[in-house]
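Okay, here's the structure, questions in a sec.
By letter and in written order, the chains are A, B, C and D; residue numbering begins at 1 in each of them.
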């Protein structure tokens, strides 16, 4: 459960629970998506406002389910950039239960840099590469405790 | 269960079921929304493509829950225009289980005619009024059995 | 925006946003449901674990939409008991944007006391009535700052 | 787009569309889940009623996104069993647009045979193995046209 400079807290909603009385398997991807968007905002790569400026499009997503998540479990989702290709970005995720100090699921997504205005894939912009490398190598630039 | 010229079939998804092992109460509104969008398309009021042309914005929604809906229940949602004001449109809904021939829930929504390009409410366009009145008074213009 | 002893914070998820680029109208009911479950837990009426012990079943829900909610808006949902009948409980809700200090939506639900083990409605238990009246009349019994 | 004896039709709901105005990436997994449950019912491996009898638990899920899915696209999801291990079942999926005759996404899930009453993984029951092999080798046993 180490190796993440970024964690995003997630609340399990009542509606996230399915007939098996645990968080529905699909919702794990919603948790990852929520954390991924927050990660982009944190790194200054997206303003959280203009959806056509989000800059990446998903091409692959996967999740490995380790433990069922009960209603009421306080979660955090770790996100980090695993790799940067010419056009692609690979993020990895760790969905963790705070009180139990357990990893509930691991995920990975591959995105391609994308210009939603021109509707075409592009090379990963140098500014993205720089921001990600700075964040991932040196850790968060803001003091601890600031979300 | 009479009085609707328009019905839209809805499949209960596994993920619609919550911890009580029936369709989650919130999902009833998704069923109504799905049917409302199909109703607008059927009347030629929306092409189903341009989201800024959808022409109405929701101001109120309500649902009366009559019976719990189990996974696997074949449903249809009746939609009809209940009233047309200067600026507003009131739709009513009936969520029905086909095999049981039972009404599971009744709903009502109030929308206001809205120009999403100009971001302001508008008067209900005469073309809307005409299309709705023709459909609701005389019933579907296409032969019965055509969805 | 006064009159609520209980507020529950809600994070807008990326997936809550629909094609109109605001929180989907249905998701407002998810916010209310999430807050209602937290309210029951706070008052000691549900342990958050045994779903058959949740004690109420929804019979009506409504929402009045005042303002569209954008991605990134920090929300809190106020919940209070509006009325207690022989068998029914009426809750009201206020969905509020913290930074803007604005009410985005108002809601109301009617639930009936329900024994999920016996599958039948019951009278509102005296312990519920007592806990609710104590909380609503005198405010939260725990010191401020404790969630 | 060949090689599937089982297809399940899926309707894109208005609420499935996200801020990018295509089906949200997470919802692809809901489509696969919906189709997987229907596949189990079709093979007689689950009655669609008793959730503790569903017999499998998910341990891994992945999706490869090929094309964005627009609102109004008529979809079908192909499901087939890709492999049967001592304890595990691997299913593969193809999400296809009917009118365009295009594959929109490919998926794969790994489940483990599970006894929800005893809360433990079990060996894949011989009856499952037999039903799956019969269906996958020889195709559907019912006449074409029967869903």
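What we mean here is this: a contact is a pair of C-beta atoms (placed from the backbone, for glycine too) under 8 Å apart; a residue touches a chain by one contact, two chains touch by 3 or more.
In this text, all values refer to a predicted model and were calculated from it rather than measured experimentally.
Participant: As a test of understanding: of all chains, whose mean C-alpha position lies farthest from that of chain B?
Facilitator: Farthest chain from chain B, going by C-alpha centroids: A.
Participant: So what's the Cα centroid distance for chain A and chain C, whole Å?
Facilitator: 29
Participant: Mind checking the centre-to-centre distance between chain A and chain D? Centres are C-alpha means, answer in whole Å.
Facilitator: Distance between chain centres: 26 Å.
Participant: Of all residues in chain D, which are in touch with two or more distinct other chains?
Facilitator: Only 14-15, 17, 19, 21, 26, 30, 33, 51, 71 qualify.
Participant: Could you draw the chains as nodes, link the ones that touch, and say if you get a line, ring, star, complete or other?
Facilitator: complete
Participant: Once bound in the complex, which stretches of chain A touch chain C?
Facilitator: 10-11, 13-15, 17, 21, 30, 33-34, 37, 41, 48-49, 51, 70-72
Participant: For the complex, which residues does chain C have touching chain B?
Facilitator: Its residues touching chain B are 19-20, 24-27, 29-30, 33, 51, 54, 57-65, 116.
Participant: Where on chain A does chain B make contact in their complex?
Facilitator: 14-15, 17-19, 21, 24, 26, 71
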